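Below are two complexes that have chain A in common, paired first with chain B and then with chain C.
This part shows the complex of A and B:
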């Protein structure tokens, strides 16, 4: 599923949330949509899922606008932390009802996932715990096999083992049934391994869109004796510093030249990658002040 | 993949139909329970006939069902990749069919009550309406769908606009209820003072025509209100 946003602006009334956002998403790839609270991630995904129209610009899915487009809308599934407190249907029936709208729905896979997540399928959805409600939505999201599947903080309420299971199943099913998946998340460190390409929203606009590996290459963690690490990173943008005894580790926002790598090796300094989360924090620094 | 409109109609019919079954069961128990109690008490004549009584209760039920046809339902359908257009036509279709079914059920229950009264000698309460039986059934059907549409219109107004506009349009909805009375039960209408219908009454055909026009008008307004409805991902 090919997605193209052109000069997209989203807002409510006179308030603008996102302005002049343009990007392109390729088919069959896992994207990570990152941004601080209130930066407009959900609003952007809402436009993509035809929940609302943009204020200006346009978004095209396979060359067509999704809003009120039946053929496109049935291929997009937006899993968000929806309120299921009034959902009186039993899990089994609720999933079956939703499945009727999804041409690629896999009932056997849904049953399998319900067993994996220990979901009591004969219980009313509203009576499930918060974590199991999230799990039911995840089951729906995965079993629907929609060409574009969006998970917006879908794991909220899930405990660590359930989240691990979710990540595992997303990857497994994506390998078997490739499709475009967008993960919007705050748990960057947990989900970083799944993401192929990153989009970061900040200050009402798209800050960057980049292949994750390329993005991570722009940062390096330098570890070794404190004095040597400090000297080596002198003049470079430091993202994070950690110290244990005489050993120090500093994350820098810099692409090292071969010469610098040789120098580090000669000084017995260890070079490693930076975490996506640290880069994200660094890149969006100051957003809180702006938001506030 | 089945036609989405039909699918929405089927699911909405299932959802609203289940509410209707609850309503019907509770209503019949209360109506016949009250009748039995009054007979036991020694006063075996109720002031309203079954058809009038059921119409009064059921149209309130349809009004509430109309209110409930907006927020959660539109969110559910759009979240499942259904267009607002299919949601509108499917749900409206389901409501019209349910209104017709409930009318038939009330007609059948009235027939059973008439038969039971004939066999047992129980005095069946009679209608004060000037309409004959088919006319009364038509009255029920049209009032059901119109009250449903008014309920939906009001909740769509709140969904689409600021609550204050919603409140204003609620008064419009209340006024429309008075207009419906004018079509079918002019003597009860708040507008009877301006009406020739109240004194002379109108023919059944005129009532049917006016009700159909009002229903189409309300349906068009609801469609306009829901056409671009924003769904909040919460």
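This part shows the complex of A and C:
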């Protein structure tokens, strides 16, 4: 599914949560949407899922506006932390009811997933634990095989083995049935590997959209004798500095040329990569001071 | 294959390194089929594009070759090529840093030879 967002503003009343947000999502890629708490990730995803309208700007899904467009909406599935406390239906029936709106729904796959997640399918949805409620929604999200599938912190309440299962099934089913997937997450280190392209929202707008591998190349830790490290990183954007005795380590946001890498080697400076989570922390640092 | 990935290197490089290691160690022989991208994705829970990037690197380096619709196989001469490359890296990195450290500690080249003989004897015992 192809998605084009043009200059979106999203907000409630007179207040805008997000402004000037433009991006394009290609078909059959796994995107990671990252942002600190309260930056508007879920609001943005609600607009993508056609749950609400943007205040300004336009969103186009395969060339059509999705809001109140039934044909488009049945191809978009949004898994989020919804309230299931009043869902008195049994899991089995609840899944079947949702499946009615999903043309590509695979019932056998749903059964298989319920078994893998150990979901008691004859129990009422509302009586399940938080982790199992999340699992039921994940089953719905995967088995629907919607062209755009959004998992907004879909793992809430799941323990580590259940989350592993979730990641494994997302990747396996994505390979067999490619589709556009958006993962919105706080568990960056756990899920970084699954992501192909990263979107970071910060400070009321889209901070960046970049291929994950390319983004990771931007972050480098330079370690060595203080004077040399300072000289080498001169003029580069420094994200973090640490010192131990005469050894210094500076994290920079800069793509190094082969020549610079050679130079670092010649000067006995150690170059190390930076994990996505750490890069995210430093790229979005200071966001609280601007909030509110 | 190693059971886990770490963050000390880009993931696609770790994938290529692991497959190369298996070829160097003789666990993966020339003409044999390399692990499929499906297997690697499921095992390491990483995006298929990352696996593909690593595999394509190995194809470019003529370590693997593609058989349409079947998978990736170890190319003839892959092991020799890798051994040659590793020999070069061994000299530049291990020997290079050894000589540097020896210089710092005031250890002469003769001393290094003696140490090597000593370590070899210990290893044989």
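The rule is short, and it goes like this: the second predicted complex is superposed on the first by the 247 of 292 C-alpha atoms of A that agree within 3 Å, B and C clash if a C-alpha of one lies under 4 Å from a C-alpha of the other, contacts with A are read in each partner's own complex, and residues count from 1 in each chain.
Please note the rule applied: a contact is a pair of C-beta atoms (placed from the backbone, for glycine too) under 8 Å apart; a residue touches a chain by one contact, two chains touch by 3 or more.
In this text the structure is predicted, and so the values were computed from the model without any measurement.
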{"item": "Room on chain A for both chain B and chain C (clash or fit)", "value": "fit"}
{"item": "Partner chain in contact with A:50 - chain B first, chain C second, else both or neither", "value": "first"}
{"item": "Partner chain(s) touched by A:30 [first = chain B, second = chain C, both, neither]", "value": "second"}
{"item": "Partner chain(s) touched by A:272 [first = chain B, second = chain C, both, neither]", "value": "second"}
{"item": "Touched partner set for A:164, first chain B, second chain C, both or neither", "value": "second"}
{"item": "First (chain B), second (chain C), both or neither touched by A:213", "value": "second"}
{"item": "Partner touching more residues of chain A, whether chain B or chain C", "value": "B"}
{"item": "Chain B versus chain C as contact partner of A:107, first or second or both or neither", "value": "neither"}
{"item": "Partner chain(s) touched by A:195 [first = chain B, second = chain C, both, neither]", "value": "second"}
{"item": "First, second, both or neither for A:68, with chain B first and chain C second", "value": "first"}
{"item": "After the two structures are overlaid on chain A, angle v-u-w for chain B, chain A, chain C in degrees (C-alpha centres, nearest 10)", "value": "150"}
{"item": "Smallest distance from any CA atom of chain C to any CA atom of chain B, in Å, after fitting", "value": "27"}
{"item": "List of chain B residues in touch with chain A within their complex", "value": "1-2, 4, 7, 11, 72, 75, 78-86, 228, 230-234"}
{"item": "Complex interface listing, chain C residues touching chain A", "value": "5, 7-12, 38, 41-42, 44-50, 53, 100"}
{"item": "Parts of chain A lying in touch with chain C, wherever the complex brings them together", "value": "29-30, 164, 167-168, 171-172, 174-175, 193-196, 212-213, 216-217, 268, 272-273, 275"}
{"item": "Touching residues on chain A, where the partner in the complex is chain B", "value": "42, 45-46, 49-53, 68-70, 73-78, 80-83, 86, 97-98, 100-103, 146, 152"}
